[in-house]
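Below, each structure is written out as structure tokens.
There are two complexes below, and they share chain A, which is joined by chain B in the first and by chain C in the second.
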Partner chain A sequence: MFQGVGSDMLTLAASQPELPGIDDFMPPEILFQGTPFAMNRIILVRFIAMVVILLVLGITAARAKLIPSRWQGAIEWLLDFVRDSVVYEVMGELRGRQYVPMVTTVFLTVMVFNLCGIVPGLNIAATATITMPLVFALWTLFQYLITGIREQGLWKYLKQELFPAGVPWPLYIILTPIQLLELLIIKPASLTIRLFANMIAGHLLVAICLAFTQFYIIEASNHFLAIAGIGWFGLGFALTAFEMFVAALQAYIFAVLTTVYINQSYPEED
Partner chain B sequence: MDIITLAEVTGSISILGYGLAALGPALGLGIVVGKTVESMARQPEIANKLQTAMFIGLALIEVLGLLGFVAIFIA
Partner chain C sequence: MESIAADGGIDLFIPKTYDIFWSLVILIILAVFFGKYFMPKFQAIFDERAAKIQGGMEKAKKAQEAANQAKKSYEDQLNQARVEASKIRDDARAEASHIVADARTRAQSEADQITANAQRSIESQQQQALVSLQSEVGTLAAALAGKILGTQLKDDSVQASMIDSIIADAGQQDAGKPKA
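Here is the complex of A and B:
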């Protein structure tokens, strides 16, 4: 790949930068090896993130005052954002009130877990393996199934989902299996894949930029290459900022889609 | 007759597949975002609602591109 730059110019200490790969997401187990509770780095990151969320929200809630301090104002702004611009915007206040706790939990947890990817020392998003997004997606799946059955009864719900009204009946032969697949598999699977693939892609992008920075500035013996290293560092810095944006955006999208899916379980009023 | 190898590709070809998989979603995202901006310019007062709708559409399209990305690791 880099032979084109003129390989005689590159008299390098190490001939290749240490590029990150898929192994980053399967780190060795560090605690409780061999038991079902075996922990690796990513699970440890999850626990740290969980403790941070609980402490920050718990302490803020315990010290809440009528006239909010600046920090309390920021937290309240975040909670208001989820309630007003995610849940009430999609569902309306009357219907949405009971889902505010769930969507807030999903939003805050996913956002903090995503942000772990750019915290120095943690350096990997806690949602970057398939398990964590899958847990949230299954929660969403069960929530919208339960909501549909509770609001409409099993048969009416299945009829609305599998046999949408206003379609000529021969089309049901094609449509019904697709609808069933979408209801049970595609919705949760797309939630899962979107989140963890985004996090993997973001981690790889940032890590590749920083690996090239390290390679060109420190390991390459030709010091003119440090200029390229500075370029890579700038790109890595910009991508880190972009990852911050993506972390919040993905949390927002996850929360909005959860709300939309639950809202679809209600009877269509017409 | 022996099969003569004229050209050889080494490494993972799925990366090329990812490039192809990104094409369709790229067009879709362009249309979605462009139309939303157009509508927001026409009716700025419902910009928030349009934005929510845009993000939902965005997310549904985005997953198509990401499927191609995941396929790199599966293959």
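Here is the complex of A and C:
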């Protein structure tokens, strides 16, 4: 968690808490340094999370039975939730059926990746660099562009998106560039930044609380300050719980917005 | 605290090549896993379960129908049996009243027969009594008359003619009496 301040540690020990910083999100490359395949700590966290997903869900699926066990029931509850409360709720069963696997992938993966932020030892969300949310958002972008072109044809789709009906034509001079920007940049960027910024903020909050806890209880020369350390620990505890909630919430928001954006690619008046 | 301010925060927003590469690798692995294995597997389970439930429901519906059918046929049979029973009862009742009526008429005719027979035997006995009375009265009257007259009627022929005349007188008197 504290690599970012690693070099300062010796000099600053006991005089100042080791506060987290943005360097936490740009950890040094530890494998294949300098190549396009370099790996850093966060990428390793991602791989661990991926392997956990593959193992846990893979074994669950391999052992899945008609009459579900308790664990299978819980997984099925999640799948039902994504299918019914996210996809079918937004676009209905007829349209939604084909997007259920994608939205489920996005939801479960983003949630597990987010939760890595509070797993001891990992201590950073796998979605806490811009890249992971970005590739999810690009997947969403391609999906809604493809859906729009497939459902309406390129021209009709662009016309619907760039020249919204019912607007006086001079306004198109302003509106069309904005619409284009929204279609290609703002939608995926907002998805990306919302998720990644949430994870960064969450990590910083929790890490700051725990850094102060560590500083006041263990490192500070004045042991009176241990009381303050207990306060910081309580706050860190509460924020960790909050992070769990945020992890699920952000996954839900990402999944819902993905569904909404895809749904917008369908012709407006059916 | 310096570290937050250190380095341009803008670096956070610039994806690194290796990061993009590995993120894509991970995304593709996960998407393939979900799309080709996990979701189809669970979809198959859901479909199978739905089919089972539907099949079970249809089976239950069929069983229900069969039960209804059985109940209906049972009730029909019961009704039929009831109708038959009441018919049998009616028949029996009619039969019984026939038998009673028959018995009654037979008894009546027998009684009539007996009465008639009795009547006849009374009449014949009366006749017999009358005949025997006639002969006895004759003898008696002759004896009586003999005694009264003090005459021994020796001659049987006289005796007989006398008796006859007396009877004839008595007969005439008998016949004449109701007219008087």
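Note that the second predicted complex is superposed on the first by the 256 of 270 C-alpha atoms of A that agree within 3 Å, B and C clash if a C-alpha of one lies under 4 Å from a C-alpha of the other, contacts with A are read in each partner's own complex, and residues count from 1 in each chain.
Here, a residue touches a chain if its C-beta (ideal position, glycine included) is under 8 Å from a C-beta of that chain, and two chains touch if they have at least 3 such contacts.
Just so you know, these numbers come straight off a predicted model, no measurement behind them.
Of the two partner chains, chain B is the only one touched by A:190; chain C is not.
Of the two partner chains placed around the shared chain by superposition, chain B and chain C are both touched by A:22. In the superposition on chain A, contact is made by A:47 with chain C only, not with chain B. Of the two partner chains placed around the shared chain by superposition, chain C is the only one that A:66 touches, whereas chain B remains out of contact. Touched residues of chain A, counted separately for chain B and chain C, are more numerous for C. Touch criterion not met for A:235: it reaches neither chain B nor chain C. When both complexes are overlaid on chain A, the residue A:105 reaches chain C alone and has no touch with chain B. Once chain A of one complex is fitted onto chain A of the other, the partner contacts of A:38 are limited to chain C, with no touch recorded for chain B. Chain A residues in contact with chain B (one complex) as well as with chain C (other complex) are 22, 200.
Residues 22, 85, 89-90, 190, 193-194, 197-198, 200-201, 249, 252-253, 256-257, 260 of chain A are the ones that touch chain B when the two sit in their complex. Across the complex, chain A is touched by residues 1-4, 6-7, 9, 11-24, 26-27, 29-31, 33-35, 37-39, 41-42, 45-46, 48-49, 52 of chain C. By the touch rule above, chain B contacts chain A in their complex via residues 48-49, 52, 55-56, 58-60, 62-63, 66-67, 69-70, 73.
Against chain C, in their complex, chain A makes its touches with residues 4-5, 8, 16, 19-23, 25-26, 29, 32, 35-40, 42-43, 46-47, 50, 53-54, 57-58, 61-62, 64-66, 75-76, 79, 100-102, 104-105, 108-109, 129-132, 134-136, 139, 200.
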